[in-house]
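Naming follows writing order (A, B, C and D), and every chain is counted from residue 1.
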């Protein structure tokens, strides 16, 4: 059984088969946001039909949300999965990227209207590298003083950092304009037949983000397979031992932080380009927690796992919106004269919470873990003390 | 910066800060107890607290008290508070134990990596909060007026209300009681033993599972008591009341040195004061900002919190 | 036989630490287990006390199969261990550490008597009863660990490297106390690197190498075995 | 595998009613089986502000369906969690469903920025019961309608009431940092002028402890607070003020003009509190709305529930009239001019989508004996 599975592993297939499989997968992903394509994704069961697309939310938009969450989990995976640093405030870097783009590209940005630093809004494409650079800088600035802290102390510091960014963003009279936000954020360039390519339709953004993800995956994969990646793993496994072996742990941890932050910022710039409107409500702590769940649900320390996790944490709740219709479940229930809303739409995060618990109980290593880590965890399982 | 504001209202800021700090401290104990024994941030503890606030409200409902009823006589009020403490503490403890049994114990049996616990904790938190949100239609609920608002006495020109006195007194009693329990009783010794060295504790005949369950129950009891006084103090509750307070209490636990009971008490008190002073100095909108700056600054100088880590390892 | 170990194997991750080990300890005996570092002695102790699960084989204590019994319940059945590295609770006082040894017992009066008995064996501990365990010297911690193990009134006392890191004079003292305890009627299984002391005081002994028992016999007889002498006593 | 079997069984029981792609294409005559969407925060932290509005729409539609059993209208919810980052996809999704001919929402100003642009492209008429940011009506959206006065109407009116009617000398100004709360106080402050403002502070959503702010208010000596924000915080804040012995008057906008403000704060503490509302008491009989709402949802209607109920009824009236397309309904709104039965507001829109300023009368209501009692119309200048 396991031998067969081994033989069927993609990495063990002959090269041409592997490449054509990969190409097929890519074609599938690029076709996915098209209605004529996804409408037929589903499970026919007798005369019933379970659609796999999100019937209550635009599939292309959901996919786009998936992509920027995936980018975030790729970034956080470097920090948590590879370097083993618990970061509870990763969304802070996303906020930095998003706000930089919003401030530079919106005609209603206070940089133009109040401070007169800019004469006219900058194009999105120019703002993106600045956003990434400033996120990276934020990562270094946060990491420099705090990376000496260990474990859970680092966790609370990162959480505090994200909250501080949110509180600053919340101030109406400050540059970020609080809850009122910054409208008319710039979009990526390009037009088709006179119409701008990037406007309200989420599809082109999804395709763009997909390309960015592919690029990011290649970059991160090469990094992980290099000396840097090995240093990270050494730090994760045993920081003291790594230090003794001559690994400059602080520098590599800072590296992980900075790279993670840059990828997080990149995600923010992409999102702002599509969102059209940026305000402080998006940057709540719940989102940081969601991204962390994505990484760990997928399988920390594995790029594919981070991608899967990032996809699922968005897709599952969004898909759950429609499951009431699919299965013909009642929306409300009346108990003792009181009506309670039990529609999957309103309970979807409760259901998602149960999914998280169940997955972690049966696959503590995540759904698609790093093979080596999975093996370690499999063996740990046998070492549970008697009767525990 | 508004130093005048701070100086003018210093006594009252201190009194209200101590009251808030007492509630933080009680909730922080739950984080610290579990962390001390399991090295685990019990993210769902905030919802244990939230359930407690509703349990208290329910109890007062049984007394026929709601936010519109006249203030009851002092005897009835104290009885109602006492009943609410019992009900809320027991309910919270039961929820805490339920979380341990459903979300953590199965993972321990599989020797799962620490971060897996964090995810089930987040999952449990989602479940509790969303279910409570659905059941309560996500609306706020008013708490009956119980204790008279006439001040009991003055501190530096600031009137101290019965609510503040009761909150602080009960919190101190709970803290002292818990400290005594952990330091002096057989079960408390078991907790400390597991916290300090789980393997050796097993060699002494300590049942680790039972100790862990006990720790969750104790944390739940504290959170339940905190919930009662938070109800009385803020005058209302809502399905998401735990989130922010849990975050603060967790910060307080870290501030004092997570895993350290007295540290949690100290951290809670400090955080309550810092917040109040900060809202006078910089405006309430910067309150949490300043609290986090203070926390981070402190961790720079004392990387394991004010009193250092670990249950009972800090030498008294 | 008080303790019978039948063909147990044990894994650390993918590494097999014990390969079918069998040994037994009779009522009232002092049995020594000697071997080089990493031979698996401590692992056997952990298997007996139950903080490590065995992969296969059987452990019988007092006629009862305890292979699947939880560690804390084995203490109640009468197995007590002074673990390797002493395992003193650093944040507890000497007195509290000793009280931990009697954790499973409820007979307050007799506990007090046993406490006096331990203080009688280790007067040094009595002097330091209020001191935190973590602040004591290595020798004192060792005494504390042994004393604490006695506090549960064990039928079988497991001593893991009681002489580790001690000055020669203290080693002598510790072993005299072990003999004393044995005379008072407690069965003892002792793991030692100091083969000289262990073998000269043991009724029987086992020699371990790389997770297997390679020799067994009378303590004094093994002391005279040339192979043992060469391997563990540093003399031909 | 067993789980899967259960799923399959559920599907079979659900039968052909289960979402079949082809289903939405056929159906009865043109005007039947239409859908009205509700767009806003239905779960998550901000849901408390919008769930009542959704319930209001739900009530209106179920009452309509009760009377028109042969030709019903369906409610479709879009839970954006109030967040602009979720709004785009849901708005697109709503636009694509041609059965959806009308939209109540989005609930908040932030998500409105994103969603209305998409509705405008799809020509889907939308009326927001609660997004009060003034600039929303200046974006050139043809489908945008606002069912309440914006910050520019209520903020100054409340300020005038404090200044001219209450004749307060000192007022403490507080907002909750939401677009609504800050907008309200910003406009009010312009009326007060600097000399009148005894102090300012900001609260946050989800905040439950207001000790710092309470202390500041008390030491400032102000006897009037203008609070820009919602019931969830205002009720707690007022309660804590009273617990510390503050005896002044709290004045707020329609964000606190709901029954929860009364019940959560408690009759004794809330007594005397002023809430403005762009609705006149003559039409403010509220009919059987409160009772009906309470019967259906077992709670008192909260902020914007009445507005949303009225707005849904406007759409339903249009549908009943045979306006079965988005364009028709949008035109219908353009010429509408009637008072709502629950909120008492006269709904007549300008081309920009704002309520006709002539119709926006702002009244002050006072909490008295456990109810909001109309006090007086606030003069326009």
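Everything that follows uses one rule, which is that contacts are C-beta pairs under 8 Å (C-beta built on N, C-alpha and C of every residue); 3 or more make two chains touch, one makes a residue touch a chain.
Since the structure is predicted, the reported quantities are computational estimates derived from the model, not experimental observations.
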Chain hops separating chain D from chain A, counting only touching neighbours: 1
Between B-C and B-D, the pair with more C-beta contacts: B-D
Chain whose mean Cα position lies farthest from chain B: C
Separation of chain A from chain C, taking each centre as the mean of its C-alpha atoms, in whole Å: 53
Euclidean distance of C-alpha centroids - chain B vs chain D, Å: 35
For chain C paired with chain D, centre-to-centre distance based on mean C-alpha positions, whole Å: 74
Chain B and chain C: spacing of chain centres that average the CA atoms, whole Å: 43
Interface hub residues of chain D, defined as touching at least two other chains: 43, 45, 177, 204, 297
Multi-partner residues of chain B (each touching 2 or more other chains): 130, 133, 137, 202, 208, 285, 288
Junction residues of chain C, two or more chains touched: 50-51, 70-71, 73
Chain D - residues contacting chain A, complex: 7-8, 10-21, 42-46, 77-79, 82-86, 88-93, 96, 108-110, 113-114, 117-118, 121, 133, 135, 177-179, 182-183, 186, 204, 296-298
Of chain B, residues touching chain C in the complex: 186, 189-190, 192-193, 196-197, 199-208, 310-315
Sites on chain D touched by chain B in the complex: 43, 45, 47-48, 51-52, 177, 200-204, 206-216, 218-219, 231-232, 235-236, 239-240, 242-245, 260, 263-269, 297, 299, 302, 370
Of chain A, residues touching chain D in the complex: 35, 39, 45-51, 54-58, 60-62, 64-65, 170-172, 178-181, 183, 200-202, 271, 274-279, 281-282, 284, 286, 321-322, 325-328, 337-339, 343, 345-346, 348-349
Chain D partner contacts - residues on chain B that touch it in the complex: 5, 8-9, 12-13, 16-17, 19-20, 66-68, 70-71, 130, 133, 137-142, 144-145, 149, 151, 159, 161, 163, 230, 233-236, 238, 240-241, 243-245, 275-276, 278-280, 283-285, 287-288
